[in-house]
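Take a look at these structures.
Shared between the two complexes below is subunit A, which has subunit B as its partner in the first and subunit C in the second.
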Partner chain A sequence: MGVNNKELVFNISREEFVDLKTYRERGGYTALQKALRQPPESSIQELKSAGLRGRGGAAFPTAVKIEMVRNNGETGRYVICNADEGEPGTFKDRFIMTHLPFQVIEGITLAAYLAGAENGYIYVRHEYPEVQRILRESIKEAEEAGLLGEDILGSGIRLKLEIFSGAGSYLCGEETALLSSIEGRKGRPRVKPPYPTQSGLWNKPTLINNVETLANIPKIIEKGSGWYRSIGTADSTGTKLISLSGDVVNRGLIEVPFGITFADIIEEYGLGAKPGRTVKAVNIGGASGVLVPGFMLETPLEYTACAKAGITIGSGAIFVLDDTRPILPNVHNRVKFFLHESCGKCTPCREGLRQANVILSKLLSGMATESDVVLLERYTRAIQEASFCGLGQAAGNSLKSSLEYFHEEYLAACGQECRDKEETA
Partner chain B sequence: MLAMPIMMGMDIFMGTAEIRFIIKQLGGRNAPLLQVLLAVQDAAPQRYLSEEAVNEIARLLEISRCRVYSTASFYSEISLEPRGIHLIRVCTNAPCENAGKQEIQEAIERELGITVGQTTTDGLFTLESVNCLGACFMSPAIKVDDTLYGNLTTESVVSVLDSFRKEQCHGCK
Partner chain C sequence: MGNIEITLNGRTVSVLENISILEAAKRNGIYLPTLCHHPDQRVKANCRVCVVEVEGVRNLVASCSTAVREGMKITTNSPRVRETVRTILELIFADHPQECLTCIRNEKCELRQIASRFGINSIQGAKTANNYPVDTSTPSIVRNPNKCIKCGRCAEVCHHTQEVGVLYSHNRSTEIMISPEYGKNLSEVGCVLCGQCAAVCPVGAIHEKDDTDQVWAALADPGKHVVVQTAPSVRVSIAEEFNMPPGSIQTGKLVAALRSLGFERVFDTDFSADLTIMEEGHELLHRIQNGGVLPLITSCSPGWINYAEKYYPELLPNISTCKSPQQMFGAVAKTFYAKRSGIAPEDIYVVSVMPCTAKKYEAIQPEMRSSGYQDVDAVLTTRELARILRHEGIDFSMLEESEYDSPLGTSTGAAAIFGTTGGVMEAALRSVYEIVTGETLSKLDFSEVRGLEGVRSASVDLKGKEVKVAIAHGLANAKKIAEKIKAGEEDYTFIEVMCCPGGCIGGGGQPYGTTQEVRKKRMEALYQVDSDMPLRKSHENPAVIELYQEFFGEPMGELSHRYLHIERAEEAEAVI
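Up next is the complex of A and B:
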């Protein structure tokens, strides 16, 4: 249970696996029954009123996406659950799928029905073999119970749902790269438009949503948009799963209503920094998110407020660094990560990250000069502004924010010898 | 290139029949390539895609070898080189790095006498690095085959390795 014991969307309990029987006892699959009885438009309207937005990072209104696929005249549509959770610092989807697999499956079934799709995939990363196993078993169980497959709940509606395993590419979490991956090619992004809703998997209209987003749908249909809007704020409704890690007393997964401040999340759930230490910086939104100093943590977890403050909510990962941690090695870690995951398609991302890596290595070995820091700022801009897809654009986030908020650490890392040389030059 | 000892009594290359069977199970000529690659790799004795396997997959799916190689070489989870019986993956991302990943990795390297990317001479372990295992709540974390190990220390990681050595030695005198 979450804040004040109010019922939330996931009501997570760390130890519990919710099997089909328990899930149904708690109201699971009443949403699907309800949706099958009423016209699809009513259910879509409910999601729209609820204000549900994508939880994978982009925060696109879910109902609008469903409608776009639904209103596409082309048949043979697909629904894809994006479970390629690879964002460093994020473990929420792993948790939902291992503990509440049927809430995910019901969400996919609802989304597929509303979008008019009869075939679906759950794209799960290869690093999660136990998740793949649980989902395979759960799909089979749902099929046997008449909740999936041919003629769902006697309605004549069908959905063939399959697991598709990724193979260790972070970029495949990007929706068009994911499509290329299912089609058997390198997981490289495609030009948008056309968007997947227009021309997705095998050029068919495709609805792609994150695990957390889809798992929200049954609760909204079951309890109504009014209930959903009562959690969170007017700007950002419902709850967000937060993967809390790093230098806090209590690490783990938590569900919080939107509107809570980052400081409260760290204090109330993480029980603050370790004894005798203070929070120095926080990385919000995973490796692709920003690195912000402690004073910015009073910002509420809310889409508009965060956008204004330059904070990316992203996947909802919060990684805390205390006052014993230098910033540069952490930024370097992220740059190396993106350099490894860059698909190499576009120059700003591929070469820009390579150069950023060189400069950071120089800084960390005391061989850099202040002109290197200036150069790093220029590369960061190029990476962010000229990259082809979201990977490159996001890769610059931690660079840019750390250059802004922790500039003195970059300057301090410039070797004294080099600084002297520069002054005499 | 990695030198791999030939293990006694173990068939290094998969037979055509086995690959054909996997592809048939996954839908025949239209089987999804990435799933075929993963399944063939999983079934291969040294858990990698040999050149012979790549050629065979291309022939059976009626696509070019170049296409198969292009996809196979893109993904981190697919190996084109032979690997040991147990695959150790050390998570390299910031939450694990801050929690002491370097010390854990060095302890493994010391214990096994290999560095990341190498296989022990007895063919028992291959050490690889991996991007985020989604186990940041128990960092530093590693994965051995399909099992996660978290909150590791330089001592506990050695006992994890020992448990795999013992398992392998089960029944030996």
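Up next is the complex of A and C:
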């Protein structure tokens, strides 16, 4: 999917389906064979040297997570592939699973082997029935080929891998809510610690990784960390799948090396704004990400640089808004989304979003005053600062960034009548 | 556990490792606000009013769910923390009926107290409180979902302490609700009316059904002879309502306060607790000697009875046929006392002051009318009595101590300890031992049955005959015992079960703020009351002896059966 046809992690065209035979012809499962021959520590070291970090949004070093589970004395460990891809505007995991299912399954098998887990789940969102079907068939095929199940490749290693379908809740992409969901409980986040690596699924040490993260593992083991580090930058190695959508000419999924600027992604891959229009704002990281103005797009796609600029890479979704789009309806849409998806457990997320929704409705109907905007800023801070889980904390991102970069649109939305009333008061 | 150093608001302090920031702050004199936190419960971390700043952490952290670490730099009083907590409080209030003045919880409300601390003087934001129907389906507990702040304390106590599990948190987002399944009323589900939910609710969302008006009306009725009985545990808990420390023994002031309210006679449930021991002790001996159903299980706790009827009907034949002390009192008051004082039973109005919400239900049961009238007319919880006293402007601390009236106010130390887990067992053992062996006990304290361990068992030597006894308090523990009996795993002879953790001292109607620590203090106070009493064995209670001589004849006799027992076992057969 690289424009320049560089050798990247996911080397296929958008139309291609890589079946098991093709996958093996292209080097698939050599990583697993290699890993089974060498001590697990060497493979973990390889992942560590490669600098692979979680692609689900939190960017936690993958090798460290694997080690945490591996070094936990408790047996009966689990590996879980988080395929709940619920982040609006994100469609990367879906692509990997429908086009490269065996790269995901090999990645899960490797992660399970390295973490010492013999049971695993792929938690697939309910809205992906096609993905579930393909994965089920692929799991069966892999089992029949001796690549999964009992005695994998004659090594005595086993992994029982199952598909678990979500039921439509965005929050179940949060790892502890996901665990509760599999356990048959309400999909609400749990108090951390204990972290899933300590006490996860049914209180067993559990490795949970995103689809993209897991699909990176076979390539790193196969080609080595040196190769992996040659892509991207010293700070952020490898590649990132970007779900590019919105007001650009060329929309869709792309794979880019870390280090590229957002402007280049939009220009090079997205071929820029539609004719006669300019990029006004870009939402980076999905609905839970930030809304930034055009001048910030020179920031490179890199963990440290983005953190410094206040940009959330998140799932790698980029949604472009051109100069014909007002900001407030977009923000309101996100707020409504999060309000709907909030589990309702903690006060700031539940009540803060409820009030934010009211204020945005008032703004959009010309009934708000500037004091409502001040109040919205205060609610946004509480939502971000004090929510229980990442959903709530992230729910405030688009509010906060839009209030910062597009403040004038908020003020412009305050009705003249209301402004007069406020002045009189 | 070792100690570590942390910095708290710029001050370096040494604290135990692994404790929460909340606890560390408290031990250093800083009380962070909390709503969902309860010292006896698991950490929930959902109200978020306890958030603090930790250096190096991007967002604020909940102090209840975050453990201290060596070198942690914590700030609890920055403008950032203050603004956030105030905003969260405002957000809660925006979704709360702002009816504090008319709320039963009023100044005892934890939300209101914190709001006052933080100087919340205006509530911005849209008012979003719902208008759901209030659940008044039971005679014990009222549930007002509109006031619920979704802290989850009630569901936690219902599921984990009691393992009854009728209150759930369901739905999501702003539709989240804590209620019985499918929005049913409490009367439609397996609620046992223990009131532990009401005891832990920080606001006015679940509370005891208020029966104070009935009592006012009776007191004002010149045709009524209004008498009151006080449960053993109330004397060691009522003072907390008047800012005295937990464990204060205020029997004399309690009596004086009731007298000043205008009750004709101030009597004591301790009297009928002694009577209960006579009946239950003899029932135990009778069952042992005649091959009756064993183990015998106590019947004083109506929450436990409700639980057994709903969840373990097969154990009903094991449960003593004795009425609870409250109900024995009512029956005696409207028979023996009526006759003796020459007052018609229909003119006698019996009020109970109980630590318990389930007692309200017990009093109105059809089998509790052995006198021909409802034996107990009104039941007030400790909290309701305190409300009446505050209403009347009675300064509890300035009252001159008074004594219970005779004869239904005479009691022994054995009765006092009915109010704590293990107390009924100990009181029974004191009497049964002496009755069986004909010997005087050299040591009255059965320390092996005391304590707050959830399930306790002991072997007691009744002069050559070993009797295995067990004690459970809190329904999760009662369940353990019930399962053991069902499985035939244990050969207990006598078992005491109390519905609430700690027994009545931890009852659902006790003053707010009951924690394990508070229960321990109330318990110690009851043992103190016991050891200070001149008489400490129920069978030595002169008023009880007189009652048998003049009225009942003998324990387990014909009149006893009519007035002091109910036919539980037959009921159970009817159920099957």
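Observations, loosely collected:
Please note the rule applied: the second predicted complex is superposed on the first by the 421 of 425 C-alpha atoms of A that agree within 3 Å, B and C clash if a C-alpha of one lies under 4 Å from a C-alpha of the other, contacts with A are read in each partner's own complex, and residues count from 1 in each chain.
Everything below uses one rule, namely that a residue touches a chain if its C-beta (ideal position, glycine included) is under 8 Å from a C-beta of that chain, and two chains touch if they have at least 3 such contacts.
Small disclaimer: the values here were computed from a predicted structure and weren't measured.
Subunit A has more of its residues touched by B than by the other of subunit B and subunit C. Contacts of A:Ser243 after superposition on the shared chain: subunit B is touched, whereas subunit C is not. Shared-chain residue A:Asn11: touches no atom of subunit B or subunit C.
Looking at the shared chain after the overlay, A:His340 reaches both subunit B and subunit C. In the superposition on chain A, A:Gln393 contacts subunit C only, with no contact to subunit B.
In the superposed pair of complexes, A:Gln198 makes contact with neither subunit B nor subunit C. Once the two complexes are overlaid on the shared chain, A:Gly168 sits against subunit B while remaining clear of subunit C.
In the superposed model, A:Gln45 makes contact with neither subunit B nor subunit C.
Comparing which residues of subunit A touch subunit B with which touch subunit C, the overlap comprises 169, 186, 340-341, 343. Listed in rising order, the residues of subunit C touching subunit A in the complex are 43-49, 51, 59-60, 62, 65, 67, 80, 83-84, 87-88, 91-92, 94-95, 124-126, 128, 149-150, 169-176.
Residues of subunit A touching subunit B in their complex: 85-91, 93-94, 126-130, 164-170, 181-182, 184-187, 243-247, 251-253, 283, 287, 317, 319, 321, 325, 329-330, 333-334, 336-337, 340-341, 343.
Subunit B makes touch with subunit A in their complex at residues 32-35, 37-38, 67, 70-71, 74-78, 89, 92-95, 97-98, 130-139, 143, 146. By the touch criterion stated above, subunit A contacts subunit C in their complex at residues 169, 186, 191, 193, 339-348, 350-352, 354-355, 358, 375, 378-379, 381-382, 384-388, 393.
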